[in-house]
Amino acid sequence: MPPKPKVPGLIKGLGVTFGEMVKTLKDGPQTTRYPHEREEVAPRARGVIALHEENCTSCMLCARECPDWCIFIEAHKYLAPPRREGGKPRQKNELDRFDIDFSLCMYCGICVEVCPFDALFWSPEHEYSEIRIADLLHDKSRLDQWMQTVPDFEPYEAGSDAKVKKVPR
Amino acid sequence: MTAISDPQSVAALAADAVDNRVNLDFETEGMTLNMGPQHPATHGTLRIIARLDGEQVISAEPMCGYMHRGYEKLTEVRTYPQINALINRIDWLGSFANEVPFILAAEKLMGVEAPPRAQWIRTILFEMSRIANISLFLGDFGLQLGGMTAGFYAFRDREWVLNQIESATGGRFHPNFDRIGGLKDDLPKGWIESSHIAMDKLLAFCDELEDLLVGNEIFQGRTRGIGVIPADIALSYGLSGANLRASGVDWDLRRDNCPPGLVYDKADWKVWTHPDGDCFARTWVRLQETREAAKIVKQLLDTIPSGPVMAKVPRIIKVPEGEAYVATENPLGEMGYYVVSKGDLVPFRVKIRSASFNNISIVPWVARGAYVPDLISILGSLYFILGDIDR
Amino acid sequence: MTLLLASFAPPYWLSTLIKVLVISAVVPTTALILGMVFLFKIMSWMQSRLGPQEAGPRGTLQLLADGVKFLQKEDIAPNGADLWVFKVAPLVVLMSTLLLYVALPASMHLVVADLDVGVFFVLAISSLSVIGVLMAGWASASKYSLMGALRAAGQLIAYELPMVLAVIGVVIQAGTMSLNGIVLAQNNGSIFGWGGIGFPYILTQFVGFFIFIAAVQAELTQPPFDMPVAESEIVSGYQVEYTGFRFLIFFLAEFATAFAFAAIAAVLFLGGWAVPWLPTSSDWYYVLGPIVLFAKVMMVAFIIFWVRFTYPRFREDQLQSLAWKVLIPLALVNIVVTAVLKVVL
């Protein structure tokens, strides 16, 4: 049961709001004056997905696992020269089209997680709103540009035995 | 013993009289007020058809379904990781709490146990989502009753918890962090210390809110004695969570029926109940629960064991045949998932037992005889989220 | 300066025109200033945020921008509305506000009409707004506005009585109902022979001041007495169907009335436009009077809005029982004690 207060709650409530007013005038508000100031976003924040094309083998796992089916991949096979003299020519996949439709994307991160070749990365960049919805379809070159905003993976907390992965640059 | 307050019996008589056309003192017509899907006092698109006699409610009928998104049908064609991403959005305020019972049910079917470090962090994030959810309730209840400043303070201080969740999981509102067998990733450096600071700020917020709102005589006049739900009625309607504990029933799934995978027995905490069962009791129990959750988080933060964060689980998850029901004490009440699997990539059927659906079923019973402002108090104090009712 | 003004005797129509222009300029200005300072800035600081910053330097022109926004909105009337009553209702409320400013003294001679029964006039005129509220609620043909209007009818009429009774104590002490006379009585009075700060009636009439402020809060339908305009229940109550310019009139009327009531409280309890160490016959008061009155109004308005932003709202029956069972008996006791002490001391 709550104890009976000594000072009536009406007076205490007035004191709380007055104190907050003084604190705001002295220390500043608790708000960030966007767009003049910007907030510090956590490095792990899920802002936009970046693609490192060299690692992608168009295995289509990300497109298959996406709950919204917002990744569109087209690739063709080509014969690469053999790795050493006298070997067989290797069959490789080359990406024609890798689009992520961010108007459908629900930022769940399943595609980034299931990629077996570490070709997709999260970036905390979040200011990419467009006037037309069609512009929210980011194609291969734009996704590659986002790689520059991907931060390095942070070190883990004490007691963890996970290895910190490296971001290919 | 069922205690029916006087206005309720009068209103029941009045309802009978209106139906049987008996002549009362004044032959007045009732008014049907439609608190429609768009209304500031309902937490979302809930429609309440209230028949009023002046300012007194004769009957109030909630109509939900405006936000039905077809979750249970969606789960029949989505794999387990995909379902995990979707069910974050059922109770969007305490969203990590939605993933946990589902993951625990799947782990039960697979026979996998998460490593201890994962269980600790899972419980910590669960309690943090409880804090995020209920601190919004405290501010929002003030907003509905007219003390708008409380709402601002709640949003301001909730940011601390949301920032913590974001720095660990990547998403403020939809973490999508739980995985079958553990968690997606480990904690970043410095998280434990910043979480301690965040919990201290939350405890200060609870004190500030008690001074501003809960101790306020006007607030107590609006909530004491309003919407009394006796314990047996609460149990028969299937209420859960703080609504049940505010009616005096000492039942908390974290203590009484905790599913394996959460480590509530490793912390020293208390279950709060209140004998009255009115709106004030529900508010007060939730305030104390927030404080208790902050204390649990602080204790668990100091004792996190080291080790891996994910058990050995195959890449493509195929849950073996069987069925499992796991329920946990979510911020809104008891949330349970009944998973039926036929050995596929996708479950055969997932039934979601959401807390708010039962919590709102008591509104017709408790609103009889209340005034319209009391109806607002009652709806606010029962605290449902539309996403949880409609799924 | 007084002689100069006395020699400037304009014809009646010119002086009336000047007075009309002055009031129509002063009323929106005061509403704007009050709204800007309290509703935007002080409320924001109490809620750990800064308030509007973009419109004008530091956001000071935000209300002007809001006014322009209201003006360009479509003028909609609901389908079943009683059109004539619907359109006239905001004007009735505004009219009572404008008439309130007629009796407010900003200085000894800077008053539109120096009535001998100033207090009586002010209290009577302020109750005219109830008709406007009822008209608005009834004519809107919406259940929410009807509920708001009925709540307003009960509340505004109920809180007229404490307001009137609280002021009677001041009238007994001053011995006159004229607002300028009350200011003079406070300024020229003395506390046990020491005329240092005059005799502001708040010192002896603190009960009356408290009741007056509570009644003013209820007359303005501000929280904690804002059941008629309960934002989270009946979404603006009687104002809910009003858009654009008509809503702007309600808004202006509410804040201008707040200023007027705060000014009346300052005149009755705090000494009005006079400062104690400057005799009231001084010519400085032509400039200093409005400034002093403005400062005192800001102090009283701060109390009103401070309470507004902190407390949740009363339920209608709790509100009524507060008026009838607490405030009115308290005010009656105050009158009796004042009368007895006035005769005895």
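In this document, chain identifiers A, B and C correspond to the written order of the chains, with residue numbering beginning at 1 in each.
Here is the rule we go by: contacts are C-beta pairs under 8 Å (C-beta built on N, C-alpha and C of every residue); 3 or more make two chains touch, one makes a residue touch a chain.
Quantities reported herein were computed from a predicted structural model and do not represent experimental measurements.
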Strictly by count of touching C-beta pairs, the top pair is A-B
Centrality ranking, top chain (CA atoms only) = B
Chain A-chain B separation of Cα centroids, rounded to whole Å = 29
Could you give the separation in Å between the centres of chain A and chain C, each centre being the mean of its C-alpha atoms?
-> 54
Inter-centroid spacing, chain C versus chain B (mean Cα positions, whole Å) = 44
Which residue numbers or ranges of chain B touch two or more of the other chains?
-> 149, 153, 156, 212-213, 216, 218-219
Could you list the positions in chain A whose residues touch two or more of the other chains?
-> 10, 13, 16-17, 20, 30
Multi-partner residues of chain C (at least 2 other chains) | 46-49, 309-311
Which positions of chain B touch chain A when the two form their complex?
-> 78-79, 81-82, 85-86, 117, 149, 153, 156, 159, 163, 166-171, 174, 176, 184-192, 208, 211-220, 274, 284, 304-309
In their shared complex, chain A is touched by residues of chain C numbered 42, 44-50, 53, 306-307, 309-311
Name, in rising order, each residue of chain A that touches chain B in their complex.
-> 1-2, 5, 8-10, 12-13, 15-17, 20, 30, 41-46, 65, 67, 106-110, 113-114, 122, 154-162
Name, in rising order, each residue of chain A that touches chain C in their complex.
-> 10, 13-14, 16-18, 20-21, 23-25, 29-31, 33
Chain B partner, complex, touching residues on chain C are 46-49, 143-144, 147, 223-224, 226-227, 230-235, 309-318
